[in-house]
């Protein structure tokens, strides 16, 4: 065992309080999800029993996963497809544009940059209604693309890439030009390989944003064909009688991919969120 | 195993386009636990009967149904047949999203429909038939017999001896005094400011001589904020202040689950849960007479409509007449606990036939149901009223000014839409 | 022919003229050092040769070809940067060979050239490493290797030694000079350090404010600086300057004499008091205040026993005086 | 310039896709909503034509008490949640930056709320807030005695505070991570020097940590405030803006008007107002903080 010095005792105590504050609600989520008996869930809510699993039944999970009206697998596939398509397209297009803005020679860079900075100030929430109508006019409502494309237009992502690219050493770019790289090749072979930290930062933040998106998908999807998990989950609240066991099983099932994704990328994730704003 | 297989089939059908091939019908239906078995049955029996003739039916339950319809309306992706909530029909018909179905339905069926159901489906000054519901619904007071008896409260058995408002207030006071009772009356505040607030609370207003809009002039001012309505809602507010009403955040199960509420004011759909929860203790009590008009029950419900974009009308006709056949209407009622919408189906129903447990519901539907206003502004009307009711029942707000605001909202909307022509002309 | 010829080259940034019309020929095979204080335009000049900086007017020829608007990679040049500018994500071998790969050279040929350069620079055992894993001197060599493999007509160096410590710098100076004599290509080298210029160059171009103050062999600049600026810039410690009445007595508006040309002398003409003495072992630097003349630095051979406050007399040969009038040298 | 026209063509090709998306999906809808705000545009097509109605939408908006209530609620929420969340995040960051055992493990745990979708978090907290016997009320009853309870979500005076608690819990790890980065940027030798000078922990915080976090604080203050002004999801699922409008926020109001009752024109007026307000607040904060920094 590690020897604790007195200075570390108080912070450790706080850390334990913090961990409990975070974990208790989550333990409750898991506990309820493992309890197949709705009546029992209701009765035990509020007592210690709702935090420590008494039964380990996967019945709620099986019900959630095999519900024919809410095809969990389909929702999961939709969510994954939407999330990863958005991520890939967003990172590709936005980094490319940011590289031009940061290192290019085009005279329109300045007005474009001002436009990007201005759009950063537009709250996305205030745009969904006109966006919805535009999607309607274009006949794109209820599709994958209507959920992917708006996420690709991301001024924040351009801005973060721009900050990173403008801090690339000038000499590195020049060395590449002397080596005979075209502008695109410098982007592709020099800038992008060096951008792993900022890519993972943007990827993780956008992943969370899209994976958890709620408002827009509610508005543009009509059924399981294209709906993501977050909307499917809220449908459980719509029925008159909330089945807490199923809701929590759904919640756990939805959270697990995110937690896995996070565990895989944990180091980059922490580093990236930390670098996402402050240093700019 | 069956379940997994079934979900696979459902998944596959979901992935298929909803646009109709000839002979292939798609119907969107609401995604409710109590309706699910009926729709499964509907699809199976329909396909068994008409599959050989080359007509197949695909019933798709849609979660978050209203949002889905809105999205589909915007994108033009509506299927052959949809379900709508009855009072919203006028708004959708006005927008041109659905088409009249009076010519598709067998005249014998039209003839056989309960009057209130017919009224619910009839739109506009031309009185065209746009919408047909396989069931009717009603609200009722559900009671916990043991508690009522313990508190020494008289239990009415028919519309004629229904409680008066004063009597109900006394009953609540007595029930509240019981140690096992936390809040005596559950009025489903947990449903939120949605359709329930109109469905469930406008009957009290109508019983007291009020309404939510004048059905001749289509103005709300002077009707929704009438003295009668202020009086009605003030009583409810007083009951809430006295601690008689289960609060929104207490959850759904105080009456049938935890049994800390003695009465519940809610519709037929809770029948299965109530029956299971209370067993022999469950007693059906007619709606209270809030005023001169006596007991009033809500009515109406979800039903079938045909989008304007639907072109496969020959097959749609087959489907509608099948879905509205006496057998299917009775089956819907028996599965869900609702009242059959066809007079000829009522005797077929186990629950609502003579001497059935739900006879009271059937009688209410015949005597005391008031259709919610069939007007394109209904979504705004119900929203304004529901907001007022929820506000009144969740705190110490001024009833009159809440209702004044509702009146203003509604009249402003009607004016904004030029009176919703051809209405108001 | 791979000489570099500037003809009437201008450079402007907006309204600011950095280089106001400059003519310069850098002879083929020379090791030419562009030297001057920061902001004098020497880096701009180098970068214009490389094509990293556009020319606002005039033309640049390399080996007779007009390259004024050519792409950097088309000019037959290679450049070594101050920060080395190695691609951090590539191995040493890839860093050296990537330019060749882009030009479409066969893999075997690339490998041979990389091996060759690595051999020359003693990098063979480091070829698989990433730049992060190398010391400063090793990185410097990789940067040079990247230049060598291109077999350029002209090598460009932009202060390549300034990130190294003193000992390594001295060593690299020697290595670069050897490299030059071995390949014999034209080398253009930018530095602000006159010691580097003096030790490595066969030709020095002193720049000031975008103009050429003087160009010539190192000792020529030392012996016969054309302007007071060159006189003050070349040589360490810095040349002593005398102005005013005393200068006129000696034959110019401004008269300079190098510290190594002053000596302590019983009968020297100038009387001074010692303010500070630096003992360097082989030589002694004496900082003194001379009557009517001002501060003087004297570099004396060996260890001279003196302390602050002492009065001394200072002598010199008049042939060692550099006289300037109107900003130009007055011939002796 | 005469050179590199080919290179510039390539640059244009690289810039245009993203620029197109920004213009098509942000700039165009924004201009559309400015236009809509002067019309009686509806969401779903209707049989009567859409009209230009001047500033009617704005006039109605400014006299609707619900609108002002929504603004008031939003401002109250932002004013409470911002300091609460920042204090929480800074505290957590300092704890997780100190030399405690299993620090990495604690950090991983602290980040969990950030990984959960808001829908999931809301469903968990809905259980926590339950009456009369949810976990929070169980704790309350411990102090206040059996039979007493607080209707956290049903009581207008506690509903917004409940949303604050939930929101702070849900997103504090983001601010915490940025604080962690900020703390790690403060040179360690400053603390050592302060210790040699005999500074107490509080003084070390006051004179080294706090000034060292200046830029981080400005950044977080702005993004937390702006984020708070956009409050919607939690409220929409948990309280639907109730009770009595106590948790109606601007965005929730906008949606009720524009989506539920389909009055896109009116909602656009709210959106334009919201945009102006958010921009003004961000600019004011920035200016104010800048001035303070220079003084």
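Think of it as A, B, C and D in the order they're written, each chain with its own count starting at 1.
Throughout what follows, a residue touches a chain if its C-beta (ideal position, glycine included) is under 8 Å from a C-beta of that chain, and two chains touch if they have at least 3 such contacts.
Quick caveat: nothing in here was measured; it's all calculated off a predicted structure.
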Mutual neighbours - chains that touch chain B and chain D alike: A
Chain at maximum distance from chain C, centres defined as averaged CA atoms: B
Pair joined by the larger number of C-beta contacts - A-B, A-D: A-D
Length of the line joining the C-alpha centres of chain A and chain B, rounded to whole Å: 39
Intercentroid distance (Cα basis), chain D paired with chain A, Å: 16
Where chain B and chain C are represented by their mean Cα positions, the distance between them in whole Å: 92
Intercentroid distance (Cα basis), chain D paired with chain C, Å: 57
Numbers and ranges of chain B residues touching at least 2 other chains: 70, 74, 251
In chain C, residues with contacts to at least two other chains: 71
Residues within chain A bordering two or more other chains: 132-133, 219, 234
Residue ranges of chain D touching chain A (in the complex, touch as defined): 1, 4, 7-8, 10-12, 14-15, 17-19, 21-22, 24-30, 32-33, 36, 41, 43, 91-92, 94-96, 98-101, 103, 106-120, 123-125, 127-128, 130, 133-135, 137-138, 169, 174, 177-178, 180-182, 184-185, 215-216, 219, 223, 226, 229-230, 232-233, 237, 251, 254-255, 258-259, 264, 267-268, 271-272, 274-275, 278-279, 282
Interface residues, chain A side, partner chain D - complex: 2, 4, 7-8, 11-12, 14-15, 18-19, 21-23, 25-26, 28-29, 32, 45-47, 50-51, 93-94, 96-101, 104-106, 112, 115-116, 119, 121-123, 125-127, 129-134, 149-150, 152-153, 155, 158, 182-184, 187, 208, 211-212, 214-215, 219, 229-230, 233-234, 237, 244, 247-248, 251, 254-255, 258-259, 262, 266, 269-270, 273-280
Chain B contact footprint on chain D (complex, rising order): 40, 43-48, 60, 65, 129-132, 151-154, 156, 240-245, 259-262
Residue ranges of chain B in contact with chain A within the complex: 3-4, 6-7, 9-11, 14-15, 28, 31-33, 36, 60-64, 67-72, 74-77, 188, 191, 251-253, 257-258, 269-270, 273
Complex contact set, residues of chain C against chain A: 47, 50-52, 71-73, 77-79, 81-83, 85-89, 98-99, 102-103, 146
